[in-house]
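Here come two complexes built around chain A, the first alongside chain B, the second alongside chain C.
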Partner chain A sequence: MIHFALKRLGVAVLVALTVSILSFSMVYLSGDPALALAGEGASEQDIENVRRVYGFERPIVVQYGDWLVRALQGNLGHSNYLKADVASVVFERLPTTMLLGACALAFALILSIPLGVVAAIRPNSMIDRFALTVAMIGQAMPSFWFALTLMLWFGLNWRLLPISGTASWQHFVMPSIALGYYVTPAVMRLTRAGMLEVLSSDYIRTARAKGLRPMTVLFKHALRNAIIPVVSLSAVQFGFMLGGSIVIETIFAINGLGFLVWESILRADVPMMQAIVLVLSIIYILLTFLADLLNGFLDPRIRVS
Partner chain B sequence: MTERILEVENLTIDIPVPSGILHAVQDISIHVDRGETLCIVGESGCGKSLTSLAIMDLLPKKAIRQAARLELADESIFGISERRMSDIRGNRMSMIFQEPMTSLNPAYTIGDQLTEALRRHRKVSRGEAKDRAVFLLEKVGITAAASRLGQYPHQLSGGLRQRVMIAMALMCGPDLIIADEPTTALDVTIQAQILHLLAELQREFNMGLILITHDLGVVARIADRIAVMYAGQIVETGSAAQIFTEPLHPYTRGLLDCIPIPGKTQRGAHLGAIPGIVPSLVGQMPGCHFASRCPLVDDHCLAGAVPLFDHRDTNRSIRCLRADNEDTQKISQEGVA
Partner chain C sequence: MTDVTKSSGASQGGSILSSGLDDILEPSPGSLMRKRIFGHTGLVIGGGVLLIILLMAILAPVISPGDPYDQDLSRKLIPPVWHESAKVTWDHPLGTDLLGRDYMTRIFYGARISLLIGFAAMMISGLIGTTLGVLAGYFGGKVDMVVNFIITTRLSLPVVLVALAVVSLIGSSLTVVIWVLGLLIWDRFAVVMRSATQQVRGLDFVAAAQSLGCSTRHIILSEIMPNVANHLIVIATIEMAHAILLEAALSFLGLGVQPPDPSWGLMIAEAKGMLFFDAWLITIPGVALFALVLSINLLGDGMRDVTAPENRN
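Let's turn to the complex of A and B:
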């Protein structure tokens, strides 16, 4: 297991380095960063000064190394717009987004895994059809539209839930559903397909031939194996949801990273965007790493070789 | 007086398929006594696996099972609730499957899967179940048995896994074991060991054994009685001695001609494969099922369904109109060409 974990960790570090290079290069996306920083109407001399102050005249490799060392020390740069340290702003907003993501994922898994299991036990039954319909609607519906619909009915017409802000747990209900519903189809379909495959496997027949109770066969022997790919998928979907939170947080006015991305894009706050891209990517990499470990735990063929 | 373990009478299995009804198993009657080995032989697709699954009530959902009698030790196990049936499975009768590589759950240790079988049916502690598992793993010839309990299936070879499957089948001390081609997926050298082991355990624990196999060499060594199946029917049944010394049904004779005999069959010589193909089992088939491949076929054979006749020798029956007349006797002396 240790060997396996170390190997996975190595891969994660390599991916993180690649991401850091990409996010570093963002500064150069819009051309000469000094020109952008100096602003319109700046003189040749001003631009030259900016270039020197920010060290843009140095070789790019040196600049990257310098940036990376500072990033590792927690210094992600300075936002000229907010006149604040980027890292402190990002880490202030991060918990809200993570909480939203976790609630949304929990909602998605609680809805989709049981539906997938039931659909697999009775393929082509009413429940199976219902589950497939849920999945299809989920995939067809744009998340902003779904979010607005929820808001309209539950927030405005029926006044059951608050529609904006993060003051209480009730504030998280609609955003979590809006964000999580988006990933239910994929999880449900994978659970269904996995269960169908596992249920027709030889070892399930063995389990039944031992006289085990249907529930033991289903949950101990079948679901345990069918769930393995769902773990990896959930990690990937969590990544998507971090992206999707840009829309959802904006709609529900949740002060998280997604909202911050939106604001920063409007303000052309490059250091802020750069930092968020980096942080979100690292979180995603960490999640994938955790999912790998969890898979190793669930599947002895991965763990013990 | 021998003790009857299993009595199956007129077992029929129909499977609805897109092109009609597949009559996979038709009117099969078999029985097994305590300490007895019944071998079921026959070509691929003749319904051997379905027959054994039907006894365990593990048929695919769409299969329709009918029987006049299905009794385990004089107690009917036909039409009983799934709950009561599951109390019997793995407890009073166990099954060993063809594919040891995929028949164990990859996510659980050998120990877990062995003890689970016992703890489902008996009130025993974890420790007692473990002791029983170690005892049986040693019985099936696995060394360092105690340390194997913590291993996962993928860490064992196919032969070892099949030994584990056998140990698992024995956990509750069943009256009957059904082994469906338990060695087909294994190396030739290991096949013999496993079959030898099965036969030995069956004697030691005094169980009934149904062994399904293609391998007539094996049958010759361990069968007490034989049922020969063809296209969903039993075409000949009798004691191993009767069938090997004097096979009566043309199909049985064809099968026996297919076994190479060491010293007699020349290397590279063409084995007497039975010409022709197995008929489709979908829809009604008038007349003898073997007619299209039979060297003795005549008009009577095609006229109507051929029943299973009792032979003048006791405990022996044949489904053939021609097997007992003079022609047949003559041909049986010459051998089927």
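Let's turn to the complex of A and C:
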């Protein structure tokens, strides 16, 4: 197990380093960063000064090393637009996005796991077909359109829920549904496939032959094993949702990381964009690493291969 | 499958003379395939809807009631014909937008943009992902490790965010959106092609080709590729749908297709402020996007069912 964990950790660190190189190189995507920072109409001398102050005249490798060392110390740079420390702004906004992601994931799991289980108990039944249709429709709806439609019905026509902001828990209901529904098809299909496989295995037949109650067989014996891949999928999907919340946060005016990154992109605030890409990627890498460990712990076969 | 048995049962019920040949001759593979295709409800619906949207896109200049860029502020915000309003007119069956442009025309031309971006981005990502996946699956070992590493790195980057950031830094245009999406969504191609190739490369005909002295290039192109192609078609439809939804999201956020071009995502963004007054401005392009993505997904699922070898008997 320790060997397995160390190997996974090594890969995770390498991936994180590669991601850091990619997010560092964003500075150079729009051409000369000094030119962009100095602004239009800046003289040669101004541009030269900017280049020297920000250290853009040094070799790129040195600049990257310097940036990485500072990032590791928790210094993600300075936002010229907000006149503030990037790291403190990012970590101030992160909890809101995490909360939204957690609510969305909870919504998705509560909806999709029971649907998947029921669909697997009666394959090709009406319920199974209904679940698959729901999954199909869910995957085809653009999230922003779904969010706007929710707003129209629940916010305006029925006046059940507030449409923007983060003041109370009711404010999180629609954004969580809009963000979480996109995950439900994947979780449902995986639960269904896992349950179908487990239900046809020998030990379930044995459990049934012993005369155990059907509910005990289903939940204590079958679901426990079928749920293992769902756990790691959930971790991965949680990471995806943090990155994907940008659309939902801008629609519902939720003051999280997604809204911040959208504002930063519109202002061309590159240090902020770099920091958010880096932070979200590293959270994702951590989540998949933990999911791998959990999988290895729960299922010894994975450790060996 | 039940449909096949049913129809052969029906032909036996006919007169012996007319059905005699059918009973003696094995049905040709082509006619079996046709039966499988037309017996699959999802495939027929998906293919039908996609065909309609495709025709809309191709014939847009012929069938459109107007011009997609023609503004007329005196005719702005006319509701579609099913609304009960004095302004409703058959000159604009789906109404007009905030600038008085005919909405149906913009929907038709928007289909072109969605299909073009979806198809082009899918081709780019398919080329990258298939190359990486097949190489990893065929060679294994170190190549496999490197490809796996690249896939893991790509998966850890948040797609929407990176796409938005890159498009904003480079500057948005149709070509930039296509390339950025294509370079970002190849992961599923790589993952699926890798495992499909791993399965095929262990089979006897690959070993036979190797022992005959065939070149690696020949083995990959002529022995492996035809046998993993059915997976390829399914992933291609999934990723085309994915690219269409991403383009719509980018355009919705103002960083994809730029006005005045009629992208469905952009049309929804332009009408966002009118959500509580003229909701149809958002509903119509939304339904169009939904129908397009759903039809592509149905087509992909159907193709998988029809081409899977286990469904052939």
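Note that in this section the second predicted complex is superposed on the first by the 296 of 305 C-alpha atoms of A that agree within 3 Å, B and C clash if a C-alpha of one lies under 4 Å from a C-alpha of the other, contacts with A are read in each partner's own complex, and residues count from 1 in each chain.
Here is the rule we use: contacts are C-beta pairs under 8 Å (C-beta built on N, C-alpha and C of every residue); 3 or more make two chains touch, one makes a residue touch a chain.
It should be emphasised that the depicted structure is a prediction, and the values quoted were computed from it without experimental measurement.
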- [ ] Assess the superposed three-chain arrangement around chain A: do chain B and chain C clash, or do they fit?
- [x] fit
Task: Partner chain(s) touched by A:Thr206 [first = chain B, second = chain C, both, neither] - done: first
Task: Greater residue coverage of chain A in the superposed arrangement, chain B or chain C - done: C
- [ ] Quick one: classify A:Leu156 as touching chain B (first), chain C (second), both or neither.
- [x] second
- [ ] Based on the superposed arrangement, let me know which partner A:Thr288 touches: chain B (first), chain C (second), both, or neither?
- [x] second
- [ ] Return first, second, both or neither, reflecting whether A:Leu6 touches chain B, chain C, both chains, or no partner chain.
- [x] neither
Open item on the list: Just checking: does A:Pro142 make contact with chain B only, chain C only, both, or neither of them? Give me first, second, both or neither.
Closed with: second
TODO: In the overlay, answer first, second, both or neither for which of chain B and chain C A:Leu280 touches.
DONE: second
Open item on the list: Can you work out, in whole Å, how close the C-alpha atoms of chain B and chain C get once everything is superposed?
Closed with: 8
Task: Footprint overlap on chain A, where chain B in one structure and chain C in the other make contact - done: none
TODO: Quick one: which bits of chain C touch chain A in the complex? Just the residue numbers, please.
DONE: 149, 152-153, 155-162, 164-166, 168-171, 241, 245, 248-249, 252-255, 265, 268, 272, 275-276, 279, 282-283, 285-286, 289-290, 293-294, 297-298, 301
TODO: Could you pull out which chain B residues touch chain A in their complex?
DONE: 56, 58, 82, 86-91, 94-95, 97, 99, 102-109, 116-117, 120-121, 152, 154-155, 165, 168
Task: Sites on chain A touched by chain B in the complex - done: 201-203, 205-214, 216, 221, 224-225, 298-301, 304
- [ ] Sort out for me which residues of chain A touch chain C in the complex.
- [x] 11, 14-16, 18-19, 22, 26, 29-30, 136-137, 139-145, 148-149, 151-152, 156, 239-240, 242-244, 246-247, 250, 261-262, 265-266, 268, 270, 273, 276-277, 280-281, 284-285, 288
